[in-house]
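I have a structure I would like to understand better, so I am pasting it below and will then ask my questions one at a time.
Each chain carries a letter (A, B, C, D and E) given by its place in the written order, and its residues are counted from 1.
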């Protein structure tokens, strides 16, 4: 069992996970066990600069904001695809670079079109 | 098992640190008291001057002024609380997460100060919410605010984790909801929160505290 | 200066921004009494369409400390320390305005040296007020910390001067009816001279840090524009009025104090936007430095208090008077009615901050919420003076 | 070119950062509890009552004339007069305050009480580390907590204290001179009465009246 | 700038029907004022602003003043039949002079700012009484500066400015009912305990319990 190459990797992964989650776990345990939860109506009310909040926030808002978010999402996912390419970058030939260039330029052209259409004007 | 200080210092020199959960708990909380960004009047300017370069409040771990009450554990009431602002102050205090502390900075926050003869001025915030440290002065010097921080840190340090002396936030029975006064036709209703208003002993026995 | 005709007088409010149709749901939000951008407890009820402001109703009164009611019950002298707490950045100019009004009411002369001390302390107050207001404006623009730290470093030096002279950093309570309370301590003028010599260096440092900055220019030029005739009609005074190009500075218009003896210029803007107000405050600081140089150089010896004036039991003859000065935020006026008794019958403060906010909604309509914060910051108000 | 202004700004802060290693005056922070700023002489925080000599009660200059109580803008002084009298620094029996409370949670340290006090009895202290957790016990100072010696006054406000002492000494000298003059006049009159005993009854000896120190 | 008498003459020349009179100010600064009847206040104000000679285009200050009912005791010479023959007898009669509320406007000229300077031009208007007829015309449409200041005078004195675009309370909260700056306003009884009580608070302290400081 100890001989499989991935065993040390698993140990390191668990250690990293534990290192991250242990303080959080301690804090949650402390909050549950020692300090009592004391919610009340005023404490749970919506904070609006010290006033009681009138009206609700579920209101129509401009569609530009939604499109802004979608365009950001595209490039976010593109970055995820670039990661394996960047990791193996030294071992790759020219053809891989050209393929990745096509991928990047395709999305850049999409952004240029959106910009020209004026989707990104915020006001 | 109380650890004598001499032994603790001795061990400390050799790099061994002996402590109790209570000390670490209080040490952690007292050195990172995050104040609420909450300035009312002239004392707020002295509070801002305290966070600036000359009287650096960052040395006490308190220069992070959080705008939202959810992330703050100290409310520095710096300035005059008028009757129009009092409900907002009490609501903000309620919306702060426990453990929460209050520093009444300046004469106006403690007792209405020079404006106590005004018709729209609340004569001291300790009529509605419990106050931990009072700083006299109008406005108190930045060093006086830092001295108040040290008083507050000493008070936090002395809080035991269990037993009757334990702080409000560890005590399930302690009051954690402070009713917000409403604005009536002539004055705030109720004029004071009887459970909180610390009337001095001889007068409290008198019939005036209703 | 075109005068709006009578017909136009009826059109009192600019039309609400016309991009919304009826039935559009607006987001009602309160930039309320507890908000990082409101310089204290001030509330704006804002109706938003997305990020653009459609309606903005300012709400005052959260710091209404009844200054006038207390002053009417107190004696003339007892009202003086309360004037420190009006505009708590500039206590000496508040004192001077109140002392000037009472001197007009009772006809008291002020000796030469006291006039010089009043000019020196007023100009020092103007410099530290403009530096702080620029620091807070940059703080709201996102440059959190650096400009404010530089401004407060300079302000601390000036506050040390005030503390040596009057005993308190912010609440000086220094002027009396007919002069000043305390003679200058020995060596105070020399210290003042060294600090005034250091000020041009500080102003150059702030200009190098800020004026050329592209982000500052992009966010402030053309933002919150104010037309000259609307500014005059709305009673706007101080740097905001001069930013629209109107040449109205009480030190030149009213000839109060001894400002006629000093050579200084009045900077005027031409667009009336936030960048002009920022530049006007920088240039006014430089003009104050020139005034200070001249005043410190030829301050005469002599008494600092008119011997006839009494401190206790001061009873001016019946009558009324309105005295005003050029405070750093605008025209600060005191209107006093005396009925011959020991306390004023009517005591009214003309607050420049409150009246400069009359046209806040006109400037903010159609702007983004982030710019509303900037426009409000460029007006430079202090809540103690707005709500009194 | 775009960004030139920002670079100039960064250069400014970089210069400040680099110079702070060289010139000490760019480091403006005062590490408060350990290192304190020099106390400025004119500083005023809260009033205190001055007494001469060692005994707090005997040397108290205050004569409970309640001028400061009437003139105090926020009305934070509360005085109850004493029924008996005690001699003051000139030796004339004066009333003293049985109770002299100052509520420093109301005081706005405006020093008007110092300005209007005719007896130099109340001065402004420079003590500011007064933050307490107790609202009523810690912030209501009574006469004993307020009384401080004249030496303390000399320590915190040297020049002002010197002027005050000079004025008091000169007043004392004047009143003693007047007392001596009154005594001589009385002695002269008594001698004249003794030298010429007329049948009319001897004039009643002039009452020795020590003139009140200039109120 | 002209003296107040000349301005009065100018107004009478332009608006003969206007009921404007001079009010002298005994103080050395001699800032005399013009009392205007509320009916033609708007006309006089627009004239003052529009006239090229005066150009009072800047309204610096709007104040409310409360003059409560004054009880005047006068010594009046009355001829009376005293035991058969006429005699001048001095009699003191008490007369209640009805009070009123007043709004005062201080006007300056920015257009003519750099010519000769005299005191402000002061306009005063009186209400009929202090209880129900407290209406005065609002001058916000002439000088926009008066908008917030008139709202404050309404809030603290109770003068109702007819024609004001947005007359709400500006300083006190909306549910507040009194007008606190009036001379006869009684403070709310929110007394709890004060270590150093004075005058009326002292009386209340004595009623409730011995006004003890904690230490005494």
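The criterion applied here is as follows: a residue touches a chain if its C-beta (ideal position, glycine included) is under 8 Å from a C-beta of that chain, and two chains touch if they have at least 3 such contacts.
Model, not experiment: these values are computed from the prediction.
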item: Each chain counted as touching chain B and chain D at once; value: C, E
item: Fewest touching-chain hops separating chain A from chain E; value: 2
item: Most extensive contact between chains (C-beta pair count); value: C-E
item: Chain occupying the middle, per Cα centroid; value: C
item: Separation of mean Cα positions, chain B and chain A [Å, integer]; value: 38
item: Chain centre separation in whole Å, for chain C relative to chain B (CA means); value: 33
item: Inter-centroid spacing, chain E versus chain C (mean Cα positions, whole Å); value: 27
item: Residue list for chain B, restricted to those that touch at least two other chains; value: 53-54, 84, 88, 92, 111, 114-117, 119-120, 138, 141, 200
item: Residue numbers of chain C (touch at least two other chains); value: 32-35, 61, 64, 66, 69, 81-82, 153, 156, 171, 387
item: Residues of chain A engaged with two or more neighbouring chains; value: 49-51
item: Touching pairs - complete list by chain label; value: A-B, A-C, B-C, B-D, B-E, C-D, C-E, D-E
item: Interfacial residue positions of chain D with respect to chain C in the complex; value: 2-6, 8-9, 11-13, 16, 28, 40-44, 67, 71-73, 108-112, 115-116, 124, 159
item: Touching residues on chain C, where the partner in the complex is chain A; value: 24-35, 43, 49-52, 368
item: Contacting residues of chain C [partner chain D, same complex]; value: 74-75, 77-79, 81-82, 84, 146, 153, 156, 160, 163-168, 171, 173, 181-182, 185, 205, 208-217, 311-312
item: Chain B partner contacts - residues on chain C that touch it in the complex; value: 32-36, 40-41, 61-67, 69-70, 73, 81-82, 85, 88-89, 148-149, 152-153, 155-156, 169-171, 383-384, 387
item: Interface residues, chain B side, partner chain E - complex; value: 83-84, 111, 116, 119-120, 123, 127, 183-188, 191-192, 197, 199-203, 206-209
